[in-house]
Structure formats: structure tokens, C-alpha cells
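Labels run A, B, C and D following the written order; every chain starts at residue 1.
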Amino acid sequence: MATHRFHAADDAALNALYEDIADKDLQPLWELSGLLTPTPNVRAVPHRWLGKELRELGERAGELVPVDRGGDRRVLSLSNPGLGGAPYATATLWGAVQYLGPGETAPAHRHTPAALRFVLDGEGVWTAVDGDPLHMSAGDLILTPSWTWHEHHNPGDLPMTWFDALDLPLVEALDAVFFEPGDGRAAPSANAGLSASERRFGGGPGLLPGGTSAPAPAHSPLLRYRWADTDRALTGRLGEPGSEAARTGHAHVRFADPTSGRDVMPTMRCEMHRYLPGHTAPAERRTGSALIAVFRGAGAVELDGVVESLAPGDLIAVPSWTSVRIRADEPLQLFSVSDAPVLEALGLYRTEAGAG
Amino acid sequence: MATHRFHAADDAALNALYEDIADKDLQPLWELSGLLTPTPNVRAVPHRWLGKELRELGERAGELVPVDRGGDRRVLSLSNPGLGGAPYATATLWGAVQYLGPGETAPAHRHTPAALRFVLDGEGVWTAVDGDPLHMSAGDLILTPSWTWHEHHNPGDLPMTWFDALDLPLVEALDAVFFEPGDGRAAPSANAGLSASERRFGGGPGLLPGGTSAPAPAHSPLLRYRWADTDRALTGRLGEPGSEAARTGHAHVRFADPTSGRDVMPTMRCEMHRYLPGHTAPAERRTGSALIAVFRGAGAVELDGVVESLAPGDLIAVPSWTSVRIRADEPLQLFSVSDAPVLEALGLYRTEAGAG
Amino acid sequence: MATHRFHAADDAALNALYEDIADKDLQPLWELSGLLTPTPNVRAVPHRWLGKELRELGERAGELVPVDRGGDRRVLSLSNPGLGGAPYATATLWGAVQYLGPGETAPAHRHTPAALRFVLDGEGVWTAVDGDPLHMSAGDLILTPSWTWHEHHNPGDLPMTWFDALDLPLVEALDAVFFEPGDGRAAPSANAGLSASERRFGGGPGLLPGGTSAPAPAHSPLLRYRWADTDRALTGRLGEPGSEAARTGHAHVRFADPTSGRDVMPTMRCEMHRYLPGHTAPAERRTGSALIAVFRGAGAVELDGVVESLAPGDLIAVPSWTSVRIRADEPLQLFSVSDAPVLEALGLYRTEAGAG
Amino acid sequence: MATHRFHAADDAALNALYEDIADKDLQPLWELSGLLTPTPNVRAVPHRWLGKELRELGERAGELVPVDRGGDRRVLSLSNPGLGGAPYATATLWGAVQYLGPGETAPAHRHTPAALRFVLDGEGVWTAVDGDPLHMSAGDLILTPSWTWHEHHNPGDLPMTWFDALDLPLVEALDAVFFEPGDGRAAPSANAGLSASERRFGGGPGLLPGGTSAPAPAHSPLLRYRWADTDRALTGRLGEPGSEAARTGHAHVRFADPTSGRDVMPTMRCEMHRYLPGHTAPAERRTGSALIAVFRGAGAVELDGVVESLAPGDLIAVPSWTSVRIRADEPLQLFSVSDAPVLEALGLYRTEAGAG
């Protein structure tokens, strides 16, 4: 009987009832407070991690810690100061930087938490997803969906660092974590140059493989979104006379499953934003949390009224119902990942013009 | 900086790195263990609350605690012994018994956590949902979906007790709890006898209001599922020669949105099960958690190998990945609510033939 | 070369071109007229067939024509006077009365055109659909979806007449008619009393069989909609204070697939309408055609301004874009079937307040 | 009373019944034959129109017929020899070549039949759809969906010919044709270079505009599919080691709505096929009809066993249930349009390994 025991000041009968209630693993609702708050009672706090520091710590870890020491990944995970020491960036999202040195390999495993990689800098690593080799280059988004085998290889001469995001805290809260290690054998060589995933689904906008249409998959079959495409899409939006993007100086694209238009994975929404100096996009807040990775540019973010500068490689945690406003000092390229699809699917998505 | 600080036994450079990592609100993945477990690491434990005790404590609370004392509801909430004193039945579900005395009223409020009521015994209370009065009678399922105004009235001479289930722990984990109190005025009289919801959507199987079809709503527009219908459906299944139900001695119906066939609410699946003595339904486990309320009959439940007897009014918490098997000593009627729609929507639903 | 040959009055070069165009199985668009009309150019005309005459002719056919003489069905099909002698009620719908005498059987066959039966009077016949016996009684709707085996048996002492509707003209226009005769053996006895279809899906509104949800089927798995349910649903709507039905004196229910809320079959929408004397439902027209069967009551229908009286058993063809208004002299019960799901699926559904 | 009158050889009572039946606009099913055939009874016949002749006749029409003479379009429509002189290529599809001379304009109008244009050769024309200017170039697919305003402009020095396909026969069979002429004013200059449609939805595979997701539209919001993308997609498929395309020497892409993965319009499926010499794709037939336009290459098509050679610009009508097999003498690029989405939506889609 671990439950809380309540006491009434001077009412013996009530105290006896409270004792019996606790003995039976029950609690009296009328003594509980803070259960149903007018707005969300969020423990995670807004926070920014500096890209400069993340890179430097990643490099030091690269020197001191072999990649196969625990977890088979050399990862520094964001630990939100509001979450009591848990290695989680927000209530639902894990964020991290992963560092892979020249010649290193992070061997295959799979788990039900879904993951994605956004390449902050460099190129040359390839990630095999269920055996299909995906090349990674700056600005690319790579998906390793729930329960897919994945492994990373760096055959080049330079280390590479990328941003990892997982839905691990959410999957853990749902008691649905499963994990399986691989057999230690590496996927076939990546010399192919272009993954089967890209060959089948990456030909162009609205071009799908012919043949009988299959049921919609649980995640996007396109596993790599190349920066060249993303860049062109944003440029196109900002250059369209009279468009909202051109008018506000803020363009964003949502990474979507080309076979359904839905988010790339059922638990995470990915977007790329470009803000021009002087843009007029307003502050906004919404239910659910997000992580932002600064790809390029300079500016600042205001989180519930507190301003933090932004530089390449910075990572920002945006907890639920936190007001966000962006300032661009030069064209600012932000990758964001959020749990919005979860909130939408469950009927819990809300937005509001934010404070600030 | 609340994050955990790791230490390496005798490696000064590594310890210095660990210090710097912790200083920057980071954690080294390779030192973390237990994050990705082969199967879910579930804190909640299987548990049964006795109906007899719940009724007795409800009655005592009815004598000692006025309904308007805190929360406007006289509710005893299930507090799972594995959850460290939180008033939650499982990781995602709140379960409780609610007691409303003769002449009492639980005034209107609304909240984003969705709720449902299953009437274990008695009749005569009515619940207004967004002003539409729904009569409550033994075996009825009443929905009060997310963000709908709801209030309970007991105009009769007898107290009434029902089972409450909410998705509160889930909505809290998503930082999406909103609450709003009502203005204190009661909904119009319930003399109408039949709710607008039932008049519009309760006419019969497959009969929907004519006219232009609206977009699918976030929850079922049918807010009351009458026991007479549920009972007849179960009887029909068991009496169908050669059907799976007749063959196994186990029939179950899923309460569905009549306009879409989907679950009644996006976060909770409701079912009614009838087991005949000697039924052959096997043990099973699945991701996500459930609560079971014994409506009528007698038997036992085996949870991960531990057997607990079942009598009317008993409530059972079934955490994720717990093996469940039912034994019926007489025809056993069980109401169940689970978070299965959440797991399914997020691609995390798994089942397995259970141990035992 | 069957194509039309155009001629230009006095332009030799143009005439030579026209000759060459026709020689090559082409036609010059600029000489074609009437292809793209401001509103639909509808060949079918509004028409009413009298129930009294249909019954009398059915009975005479029952005396003179054995049921197994051609087509295995004793059916009088509606032949719209505007369709040049085709046995079609409208451009997309086949309508008919079917007469089955005491002791007679219409043996099993199947075809891709979907069919439904609405029982105008009597009871005692049963229809087996893929072997599942469905009892037929006045006011019932029975579905025999595309490519399902179906047969009719009249074990009683009285003849029975019902209204048949098929999407045959549509399926023929799409060149998708397939047909297969049965093997001559009758389905098992219908003594069961309640079909498997009804036992599984007819338990009550929003009650579906438990267990893993299957993909949405191509048609409703509920194959019989009983008049008692339909009647109660209409009564409920008209008795709901303040409802649109009560306000206008016109209630209608749409027969839906209980697993999806969609129409019972992808090509036909079925509805039951009840009009009270003095109702205020306005005239309306829409794209696509409909058939109306008068179940009970008396009144009149105004079709593009022409008024026809209505009595039980009357059948009415409503071509596309025909304005319809109903008058009730006593409570008037109308069954209607239309191709609305086709028009909706193809983005061609339009409505307009009708003339009259 | 236009209906057919049947006569029985020597049965006076039956003849009297037949007279009365016909008098009442009815027909006796048992005398009708050919209504329900084992396989579709298709009137349209397989046919090939030669590209060389189409171009030559288009040019002669360009000299002799002004573009504004009737219908505002200089179009030669395919008239299937089996359809009794109707200007239709198949039972459901209109096919045509459209010729627009230098400096000519085809002014704006709109109609419920949906249209698409596939550019067989040349470039420089632009088509405005609801005011958005789409440039047209060889190999491009341009959509002008149902009820969208559209107009064509040729500001260049060379004539241009393209392939038109419409769902006109289908929409006519459904009595749903509506037409509205424009006001004669041309859309704004096309100097923009890139349409708003392409800027918003054409950025890359799986890249959608950010912001609140709208309900799925009735048609693709991407209105131009550029040949460069289509070509690259086909090349990628054929170059993928071990893929079905590489193995069979036949690749095809389906043009899809990037927001949903569905067909570009609810009534027409568009695909691009590339066959390499010696490919092994088998003969196949299916319900519903198709038109094929030869873009580039050389080979032959076998239609129900009859072989016709293929050269650029050739158009082929493939009626329902016609067996089709392709032979490539050099890499053969075929554009195809079919009514497959209609058959699928209505549950009438069937395929079979074809004869031959």
C-alpha cells in the first residue's frame, strides 16, 4: 500500500474513513488538488543547448569513449532541467547529438521507439534501415521508424555529428518499449549510391510506384529527405509573389509520407522553417512539445518571454503550451520535430496566439 | 542543473568529461541502462479492488463528505500500488467509483481528459452532456467526451454508484490538461425521457440521420449505450450456431461510434464481455493498459499467473503486457476500458498469446 | 468507320479535311454541339408507376409465367419512357417489382450489379445471401451486394411482392457486368430465424463484434434492416422537441454500414422518409437519379412542376436535376434509393433548391 | 410509351399480359436477354490512331479553322468505331489532339467533366487553371480538374499539339454535365515562370506546405507534373538492382496527389510507363477503359491478339476487359489514362492475366 494517506484535522470519523480508503489503495478525489488545472501544468522547462558546446563535448567523447561502450551509440542526450534528472528533452521527446568517428560503426538494432536523424554538418555516413543504405549529408532528414533495423557507418576520414530525436519518453509512458539487438553483421555495402527507398518514392513530387496500391503503411516509405529538395521548396515558397510565405518572410515545409500526405511517422511531425530578417510570423503556443535544431543562420528565440540567441547546432526544447517567437538576424534555417500528430490523433491539439 | 552526474571509476579525463556533460544538462547514453528494455518495464502492477469494499467506502463517504467538497465529485480513485502513490489505476487510465446520494447534484464542468461512466447498479441518475440529459441505468455506458460540459443529478430516493474511467494520466503525460468550471446553473429538466443523442443516433443498427453527412466527429455522437441493446447483442452472438462466440463460450461487443465504426473516443476502447462457464478463450497479453469492471456473475481472473476471484462491482487493473485469463463460474459479464486506440493510432499495439 | 461525317457548306478545302477526319475515326469538336451543356441534358423523364397496376400485373404474371422461365426471376422492370425502350428506370438505376408465389423458389446466382429489395407488403419469403438466410417482412430492406450469391424462397401460402433496385445501368455503362449461375442447390433451411449477419451486426446502435477490426468491407455486413428499427428511428426523430425533424414534419434516416457509417453499398444510397401532413421540407434537386417506393400513406409528389398522387406501392423515377417536392395527406412513408454515393465519390454531387 | 413490346408465339393470355405490361412502361425480365452476361458486353473496340495522321490533320485544321469557331478549342476527338458515331474514345473517356497555333488563345471556360493534357511535343504554351499559369513542355502532364477555369495561350512562334483526355462520356452517363463560359478576359501574364501550384506542392517528394492541414481536396493541388521528374523517377526504378522494374524491364509511375497519395482526379488514373526491349511484363486485362499515348520510342501493342505498331504520337483506345501486351523495339515511353479510380471506388475493379 504505497498510496498517499490523507488526514482531516479534527474529524475522527473522516480520519478513520481516510485510513480505510488508503488501506484499500484508493484516494479521495476531494482531497486531491492540482489534478485538473485550467491550463497544462508542465514540468519540463524551455531550454537551449549551445551547438558549440555540443560539438566540443561530442569530440571529447569521441576521443575517450569507444562507440561500442553501452548502447552501441555515442550519444549525448538532452536532459531537461525540469524533469528531475531524466535524460529526456521534453515530456514526450528524446533529443541528442550523436558523434561517429572516421571508420566507426554503430551496429544494427531495433526498438519500438521511433527515431530520426537530422544532419547538422558534414557528410559521408550512411545509415542502413532494414538493410537499405541511406547516405547522410548536411540538411538531410533520415528516418529510422519504429521497429526497423538500423545501423550507422562512417567509412570516411572525418567524424560526423547529427541530431537524434526519438519518441522514447512517450513510448515509455505507454509501457510499450521493446528492443532487440542485431546479429552483429553489417548491412551490404552502400556503394549503390541511391537507396531503394529513394528510387521508389523519391523520384519527384506526386510520383509513386505504379502497380496495385498497398494499404497505407505505418510510416513513410521515403526514408531520406534530401536538403537540396527541402532548400528548393523553401526558396520556391518565399519567391512566390503574393504568397503567405513571401508576405510574412517565413516559409515552412512539412515532411510528409508521399503515399498519404500524413506525417512521416505516427508520433512525430518534422518541419523545416526558414525565417528572413524582419519576418512577421507571430508568437504562438500549442499543446505538445517540440525540439528545434538550428541548421544555419543566426537570430534568437523568445520562449515564454525569455530571449536566447541562436547559432548553428543549437538545440531548443519547447515544452507544451510554451509561447515561441523567432527572430532572424540573417536567413535562419530551423529543423523542428514535435509530437503534434499524437495530440491531433487523440483530439488534444490546441493552438493559441502566444504571449510576447 | 538537476541532471544525473555519472562517474567513471578511475579515469580522470572521463570523469572531467562527465562533469562537463552534466554541467550542460546532458547525459551520456552509454552510461544509461534500462532505457531500451527487451519488453516493457511496467511500473503499475496487476490489482483487484473488491466491489464490496468500494460500495461500503462509497456509502461512508456519502455520509461524511458533502458532494461539493473539492472537485465537485464524490469519487474514490483507484491508486495502483506500483505507481508510487499517484491516484492512477494504470499508467494511462484513471479508474474510480463515484457515489451520488438522493437529491444530490454534481455540478457542470468540463476538461480535456475524456471520461465514461459504466453503471454497476441502480438507476435514476441523469447526466447532462453539453445540456443533453442522459438517463443512467444498470449496465448502461455513458460517455462524457473530452471538453464536453457534464453534470450529474440524482432526483430519486436512492443513492447510486457507478464506475468512472478517464484518460487523465495519459492527458497529463502529454501536458494537455485543461479545465473549466461551469456557471453553477443546472441543465434543463430531464423529463424528456430520451436524449437528443439517442433520438438521433440510437434508433437501430446502421440507421443514421438523413441529410448531408458531416465530417467524422472526434467522438461518438451516441452518448448512451443501453444495457438492453448490449445484452441482446451478446445473447445473439452466443446463440449463433457455429459462430466463434458459440464455439468458445465467449462473446464480446465493442462500443463504437455509429457514424464511423471507430472507438467511442480517440483515447479509450470500451467493450462488454460475456464468458460462459467452461469457455475456451485463451490467455492473452497486449501493449497498453485496461480496467475491468465486473457487472454480473462470478468467476476469477488470472493476471500473470496470479488468480483473483471476481464478484459484482470488483475493479481490476491490467497493466501493459500483463497476461490475462478469465474463468467463469456462472455467466460472467465484464465491462472493459483500455487505451488500445492510442496504441493502435501510434503504431505500438502488439498482442501475444499470454502466459498461463 | 462508323463515325459521323460533317460537311461545310461551300468550302472545298474544309470539306476535304472533314472527309479525311471522318476517314480516320475522328470528329471536329468545333462542329459538335450539345456536348457541354449549361445544365445536364437528361434523357430519362420523371415518371410514376401505379402500385395497384404493378400488383395486378405481377399477379397475372404469377399465373401465366413460371418463375424459372428466363432469368430465374419473375420480374417486371420499369422502362423509363425517355430511354428509348431500355428496361431501365433511370440512367443509372434499374427498378422492378418481383413476384414470388407460394412454394416458389428463385434459385441462386450472382452478378456484379448490386441489388436491394424493399418489401412493400406481406412476409414469409427468405433470401439467402452467400448462404445466410434473411427473413423478409413488410418495410424491411434486404441487401444483395455485388457478386454475392443470392436466392429467394417462399415456403408460405401467400404470394409476396417486393421492390427491386439494381445499379445495372451504371455497371453496364462501365462495361463491368459479370454473371454466374448457381449450382441449383438451395441454401440450408431458414429455420434459424435470425441471420448470422443480424446476430453479428444487428445487436443495437454502435455495437460491433469485438476482436481485431478488419479492413472496411466494400458493403455493409448488415444485410437486413428491420422495419421495427426504422420505424422507431423515424418516430424518435419526429418526437424530439426542437429537432429539425419535429420542426419541419419531415424525418429521414439513412441506411448505413454499421462498421463505417458509409452507405450500404458503394453505388446506392438508401433512405426512409416520413412526411407529416403540412410538413415544410422544400423542393430540391440534385445530380444523379433516384427511385422512390411508397410504403404507406397518401399524398403527392411534384416533379419539375407536375403533380402525381401517391399511394402504397407506387414507384417513382426521379432523373438527375429534377426538382422534387412531396405533399403528405396522411403520414407518408417513402423508401428511396439513389446513386448519390457515386456522384459524391466522383466529385459530381450538386444540390439546389428546386423549382416549384 | 416507347418501351419494347414483346409477343408470345401462340399464347393469347400471355400476349394480352405483354400488351398490358408494355402499356404501363414495363418490361418482362424473362423475355430480356443479354442483360447479365458472363463477362462484359463491350461495344467500344480496341483501336489505334496514328500520330503522323493526327499531326497532319491538326496542322490542316490549324490552317483552315480559327480557334474560336465552336467550342473555343481546335480539337480532333477520337471516335471509337464501335460506339456508333459518338465522339468518344471509349465508354467513359474522351480522347483528342488539340492544336494551338502561334499567337493563338483558347479562352477560359469551365465544366464538370475533368480534363488533362499530356504534351506530346514542343513547348511554350501555358495553361491557366483558376488563374494560375502552368507552362507546358514535352512530356509534361497538366491537370484541369472538374469545374476549374482553364484557358490556353501560345505566345510563341511555333504551333503546339497535345493529347487531351476527359471523363466526358462518364459524366454524361451520370447526367452531371455543367458548363460555364468565361468572361473573355485572359489570365494575368505567365511571366512568373513557375506556377503557384508548383511552388506550393512541387518542391520535392514528400514536402508539403507547412501549417494547418486542410481536408483532402477533390483533386491534386499539384497541377503540373514535369517530364524531368517523371523521367528521373523511371530511370531510378529501372536502375535499382534487384527491383521488379529492373528485373522485368518495365517501370511505371503513377501520378498522385502529393497531399494524399490518391489519384490526381477522382475519375482518372494517370501513369507513365517505360518498357525496355525484351521486357517481360505479361499481358493483362481489367475492367474499365484506358487511353494510351505514345510519347517516345518504338514498338507494338497487342490488343486481344491483334498487333499494331507504335510510334510517337500514336493514340490507342483500350476498352474494358481487353487484353493488352506491349512490345518495345527501343525504350518505349507510354502515357496512359484510365477510369480505374471509378471502378475501384465502386467495387467493380477486376484484373486478369490477359490472353495472348
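Just so we're on the same page, contacts are C-beta pairs under 8 Å (C-beta built on N, C-alpha and C of every residue); 3 or more make two chains touch, one makes a residue touch a chain.
In this text the structure is predicted, and so the values were computed from the model without any measurement.
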{"item": "Listed chain pair A-D, A-B or B-C that repeats interface C-D [over half of contact pairs the same by residue number]", "value": "A-B"}
{"item": "Averaged-CA centre spacing for the pair chain B and chain A, given as whole angstrom", "value": "30"}
{"item": "Inter-centroid spacing, chain C versus chain B (mean Cα positions, whole Å)", "value": "43"}
{"item": "Contacts with two or more other chains, residues of chain A listed in rising order", "value": "none"}
{"item": "Chain contact topology (line, ring, star, complete or other)", "value": "ring"}
{"item": "Contacting residues of chain D [partner chain C, same complex]", "value": "1-4, 11, 13-14, 17, 20-21, 24-33, 35-42, 44, 47, 49-50, 53-54, 57, 60-61, 64-65, 69-71, 73-85, 87, 91-92, 96, 111-114, 146, 168, 170-180, 218-219, 265-267, 287-289, 319-321, 339, 342-343, 345-348, 350"}
{"item": "Of all residues in chain C, those that touch chain B in their complex", "value": "192, 194, 196, 198-211, 213, 216, 220, 222, 225-226, 228-230, 232-234, 236-237, 239-241, 243, 251-261, 264, 271, 273"}
